[in-house]
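The same chain A turns up in both complexes below, where it pairs with chain B and then with chain C.
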Partner chain A sequence: MFHTKIMRRLLIVAPLAITAMLGATPISAAEPKAGGTLNTTSSGYRTLNPAVQSGAATGIPGSQIFAGLVLIDENYKASPYLAESWTISDDNLTYSFKLVEGAKFHDGQPITSEDVAFSLETVKANHPFGKAMFSNVATVETPDASTAVFRLSAPIPGLLLSMEPLLLPIIPKHVYGDGQDLKKHPRNMENVVGSGPFKVAENTPAEKLVLVKNEDFFIEGRPYLDKLVFSIVKDSLTRVLMMEKGEIDYVGFSGIRATDAGRLEKTGRLTVTTEGYGAVGYIHYLELNLRDKPFSDLKVREALAHAIDTSFIAKILFGGRVDAGTGPLHTGSVFYSGDVPSFEADLDKAAALLDEAGYPVGANDERFSFTLDIPSWAKQAHGPMGEYIQSQLGKIGIKVELRQAPDFGTWVKRISSFDYQATMNGSFNYPDPVIGVHRHFDCDNIRNVIWSNTQGYCDPAMDALLDAAAIETDLDKRKATYAEIQRKAVEDLIFIYMPQDFTATVYSDKVGNPPSSVFGPLAPWHEVYLKD
Partner chain B sequence: MVKSLSKRIGNAVILLLAVLVLNFTLIHIAPGDPVEVLAGEMGGATPELLAELHADFGLDQPFHIQLFTYLGNVLHGNLGHSFYYDKPVTELILDRMGATLLLVITALLFALLVGTALGVASAQKRNSLLSNLVTILSLAGFSAPVFWIGIMLILLLSVAVPIFPIAGMATADEPEGTFAYIFDVAQHLVLPVLTLASIYLAFYSRLSRASMLEVLESDYIRTARAKGLSRFLVVYKHALRNAVLPVVTFAGLQFAQVISGAVLVETVFAWPGLGTLAFESILRRDSPTLLGILFFSAVLVLIVNIVVDIAYRVIDPRISAK
Partner chain C sequence: MTDSSLDNFSTESMEKPTSPARQTWKMFSSNQSAVAGLILLAIVLIFSLVGPLVYPVAPTEMVWMPLTPPLESDYLLGTDYLGRDILAGLINGGRITIAIGASAALLTIVIGVTIGALSGYYGGWVDNLLMRVTEFFQVLPNLLLAMVVVMLFSATLTNIAIAIGIVSWTSTARLTRAEFLRLRNMDYVRAERSIGAKNRRIIWAVILPNAAPPLIVSAALSIGTAILFEAGLAFLGLSDPNNMSWGRMIGDNRPYILDSWWGVTFPGIAIFLTVLAISLVGDGLNDALNPKLRKR
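Right after this comes the complex of A and B.
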């Protein structure tokens, strides 16, 4: 699986290299032009303030309305945004940010270091991952209006990643600092005052969100677009038809199925790409309740891993448009390592392992049976995967009962009260594994909360690795620790990892500079323009 | 008439109370927890936050207290606060009511008028081409799922032959001027109305056809013909009044179904109305919003039924004479 990844990279690079050698100049990018309205969609949101809510529905418009201190590029490198420069002390415990001169909020008030300090406190206290990201930030000092100094109690290796507008949006203290609960602040939806490239012009949550160009944006000449219109469309089929017809120009997290991709590409106008999801990195997995037999037995889990052919799923169910994936980290992550045990597809081996584990074939050619929950969300992926698993395990004498959750609430209840045997599931890595990966493995995080360590995995050796990785500031050492974590996670089969999700951005050939960083559509769109 | 009307209104109030208690209980029995759904949408949350939200929403109270608090609020004209949108439910409903009423009433009127006209026309020549066509169309409209019809109409009249927009109630980038806006909304209205009306159109055409056939056989029609009245006058003055009564009865009864049909149609066409809101509220376990919408629809259905009662008397004066 690892090799296919490298091969694919080579295949992409090779023609480019050849072109370069021949001295052919690539078609030069057209000069970006200002103006125009970009039509896009949203599935609906309950707040526009990403300081208090994670997820793409809030994050996409939120990153347009609010600016962050830095931007992360396609190589995970931080570049200046609201912070024009910064210094990091040798012990990695002090980060000093210098803000851009003259930056203003949408209501004309200056953006100061006070606002940065306030934003950090807000995110730390209210964002679902606030503590995971910033609990080691002890204080933010504000020696003057344009300098914010972050003092850390312990190093945070991924700190700059968390300074993207998505994760640390700079919100106005003079609006939100009135003592009201930030999670329910009326200004999260009405009369929103932001700091980013676009301002809210119209917000009718049932119908549409209109953002217009912030003429006073702190980057000269940006944004290019005059207007962004998010039509609220919940039905993914309707969205596909709108793209096909050309009613919308750009959609991130489009929710289309791999089978729709070809249909959209056939129009000749649309590009479908899975690039730009490395930072949030969505991972599918089969979650087994490790508390009870038979799944408490590693041999049984190994048998399952041998029976389920993930490359088949990637090829057939996802149309070969996704990486098979190998473990807890997305292949787009800097910390991804493919050096993990592999369980080749082999039904005989699976059967032998089950015999060894004490589950011989009994009456009706059956070894044991279990119920596999299928969540109501991401049905297009979970449904077919569940059916495939059912048929594969049937071949080795395991009877799988599929239980389709009628809706999100029912499924969440089952999983978070540990009242299940197995479920299809999946979660986001988020830019730093500390946020999105540790939560599933940490002994302390076995809680009645969805997407915590609901399966009940606990190993002190794993905890030690996680603790080390959380504060390791040397990139190579940290990579090595994560490689070990990935190896151990797959060895212990904490989850049985499925192919990576087909999360796709769709855009028309009218769109110039589609957001290309690791945050993809969740990054600001100030460089996006419309061609003639 | 006034007496019977006041009796009806009295019944309606009792009925509404029953609707409230029943719905509240049903939603309470359904598995799932709005706080967990919210936490899920946030991308996870701490147990402390979950507890805080439970207390906030009053979900930590025993069932009977929650029920009585809710009933008390409704009696004071307060439909409560949406868990999800964190807004008064009344405001949410008022925001979206217009869109739904526009869709539902247009669809119902369209179905009623066109359905009856088709039925009456096809009743006059029983085995004509028109008559057979109406029968086939109504069978198709009757048996096809409404969302399928919606998607097919989009594919046909919006993608293949781009006459109408796919979704929404108005072009996202609104045209200037009131007239342009009305025209724009009218354009967006066509496909959802056709979709929603298709089922009822089929039904009304069948019903009015059958009823017309029956009436045309009756003695007074023969008498009317015998005394030499024109065919037009016989059909549209004498027969239609009687033939249309069952259609009106059904239109009243079916109003509730049209509203539920709107849920699917609104979802397919991204129509910003109550149907979409109801659907979402179920998924999110946003019980105050859902209860509010159900209460509102119940009131609407009752009003329509009272209106139908009055309509009977207008169409057939013999009813009030009794």
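Right after this comes the complex of A and C.
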């Protein structure tokens, strides 16, 4: 009971609570116990293979089914997982990993360095940001079955971060190396052979996914749980009710509204935390097509920034549970810097800027109008944001026409073919800004691909900064470069940043060791156990 | 003597014939539930059409703390998740809802009557073809078809009205066809034909007016159905984001239902009352226009 209360307050007084909890651990006799079934949910997935698909829907079960070389803890430090040790050369260009002895795939075949090399090639070629993560990995040598040597053409400061099961799952070459297109490989969904702590027992994509303990897991005595049951629940309200009733005990990427979080906490059994998403870094922003008038004009963008009060959105929409967000980096990132220009909420100033930019109030009290796309994939956040922006800009004579995308594909097509004026959008930072941030700003990345530089921003000065940050191995220097990048991104108003997402984990007091690394629920759950 | 008795007779039994409209109104007004429906409908119309002039709060304006319960602020029915006035939403949404309902019903009638009339009048292969088309639309699930149409052509007021129209005309078509089958060999129709009237005239000017009573009832009821349909689509997230309607209010506030019952309840009541009023009026019209019932 005592334990639960502390857990619940973790969010508010994190440092204090952690100290107290450490002290309380022996009292509450938190000796992990083996056995039991953990009931959780999934919003539905199209593949279970994280080597070819990003995102939480695939990533959460994917990280249970597949193992990676290392695990990243809550301080972004790597610890051994499938690789029991590794060495890094002084020039940061050679990483050699020694694999755990006797590690086996779920079908009993040994996991070898060949599989590591194959997995890297697969991710590099098929994963949406495989190139961003590994383009500087020239080759992977396999001197013997348990040694994999990564040779780099240029330093990759965040390389170890990309070795988590989520981003570089080790997949069996003897299953996937048959020459078929990996993105559409039948074994991504059927008869999946993984390397991680849990095996697929039952996969009925519309209904549920059942994973069972891998008895031959390479870490002795893990996992604790016998079974994971992911019920497919698409509606956030249903998830809230299921949690209230105690039908599910753990939900990562809960997708619940901030307004419902308080309700769940009131049960006294459930903890809601936004900790554990540092490596995800889910941010929201208003994306403007910078190619055309009026948004090609910085003054107009400044006017918008002054008209939209992000702290209001944070308060109203996310119940004050998230930071207002200042720029391209999530506040949970090690590279976050708050030293950026701020645009105080001021409608008069916004109006004056528009006058200056040559958009005076015309007929019908209107300066100009534009269409704002609302994507369907995060409608619960983007819908109300769009409605707020529509109302707010209406006050300064900008008519906003909201356009609700009927499905993901339609929206992707509009944005990636640059056939839009403005859209609500959001993206993940991922553990290293090279993956999640560079893609939006790099001149070379103006591509017909969603979540690239679709808005068409190009500035050689920015490119130089990005290039420097990508290969800088000194942490402090790298931080300084990212601080500059953040300042410039906000100064140029490449995007108009909205509050960060309310990404939360909800778990009941039955759950021991809920995943707490920067990957949160996207990390393996082999340490999770159920209390009596 | 005889003259005066004849006068008496004529004044007593040969009343001045009343017009059909008057007769209908007499029937209608003697039906209590129909009158109640009419009054209710009038209230709804006044509320939605005159309301914005009397209560000039914009439905999109964030006026107060979000999710404020009714009676706890100046905003009588409370506020929604963005702090917008529910009452303002109801008043302004009413106009849009009724407009969607009426235009969808109009479309239903136009398509349904045209297809039914041609089918019933010509018979033969025309009837066969048109009835197969009607059956095709009948077997498709209404809601699904409407969703597909709205999704394909984006959720605007016009598209929503069109979608509702094209999924709900089939029963009107069948009704019209049945009336035309019944009437097409009536003596007065034969008479028209024998003096050389064109088919077009016979269909639209001779048979249709005689088939009108059940069609008027059907039209009235289909406004109610269309309003419900619009709410159903909005509940599933398919509503025009640029215009407030009752359905959209329900759809948008649904996720917050655990914290705010008022966000969905008031628009729900508004829809309920409006559809009820339309149904009562429709039933009243049915009784009043049906000559068989009139004799009772």
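As a working rule, the second predicted complex is superposed on the first by the 504 of 532 C-alpha atoms of A that agree within 3 Å, B and C clash if a C-alpha of one lies under 4 Å from a C-alpha of the other, contacts with A are read in each partner's own complex, and residues count from 1 in each chain.
Rule of thumb we're sticking to: a residue touches a chain if its C-beta (ideal position, glycine included) is under 8 Å from a C-beta of that chain, and two chains touch if they have at least 3 such contacts.
Note that the coordinates shown come from a computational prediction; the quantities given were computed from them, not determined experimentally.
Taking chain B and chain C in turn and counting the residues of chain A each one touches, the greater count comes from B. When both complexes are overlaid on chain A, the residue A:R263 reaches chain C alone and has no touch with chain B.
Once the two complexes are overlaid on the shared chain, A:L237 sits against chain B and chain C alike. Of the two partner chains placed by superposition, chain B and chain C are both touched by A:D407. In the superposition on chain A, contact is made by A:S54 with chain B only, not with chain C. After overlaying the two complexes on the shared chain, residue contacts for A:R487 are found with neither chain B nor chain C. Looking at the shared chain after the overlay, A:K510 reaches neither chain B nor chain C. Of the two partner chains, neither chain B nor chain C is touched by A:K299. Of the two partner chains, chain B is the only one that A:P128 touches; chain C does not reach it. Of the residues of chain A, those at positions 237, 407 touch chain B in one of the two structures and chain C in the other. For chain B in complex with chain A, the residues that touch the partner chain are 30-34, 36-37, 39-47, 50, 84-86, 95-96, 99, 151, 154-155, 158-159, 162, 165-170, 172-173, 267-270, 272-273, 276-277, 280, 282-285. Of all residues in chain A, only 236-237, 240, 257, 259-260, 263, 316-317, 374, 379-380, 383-384, 386-388, 390-391, 394, 401-404, 406-407 touch chain C in the complex they form.
Contact residues of chain A toward chain B in the complex are 37, 39, 44, 46, 53-55, 57, 128-129, 131, 184, 204-208, 210, 227, 229, 231-235, 237-238, 241-242, 244-245, 247, 376, 407-410, 412-413, 416, 428, 439, 447-452. Looking at the complex, you find that chain C touches chain A at residues 60-62, 66-67, 81-83, 150-152, 154-155, 237-238, 241-242, 252, 254-259.
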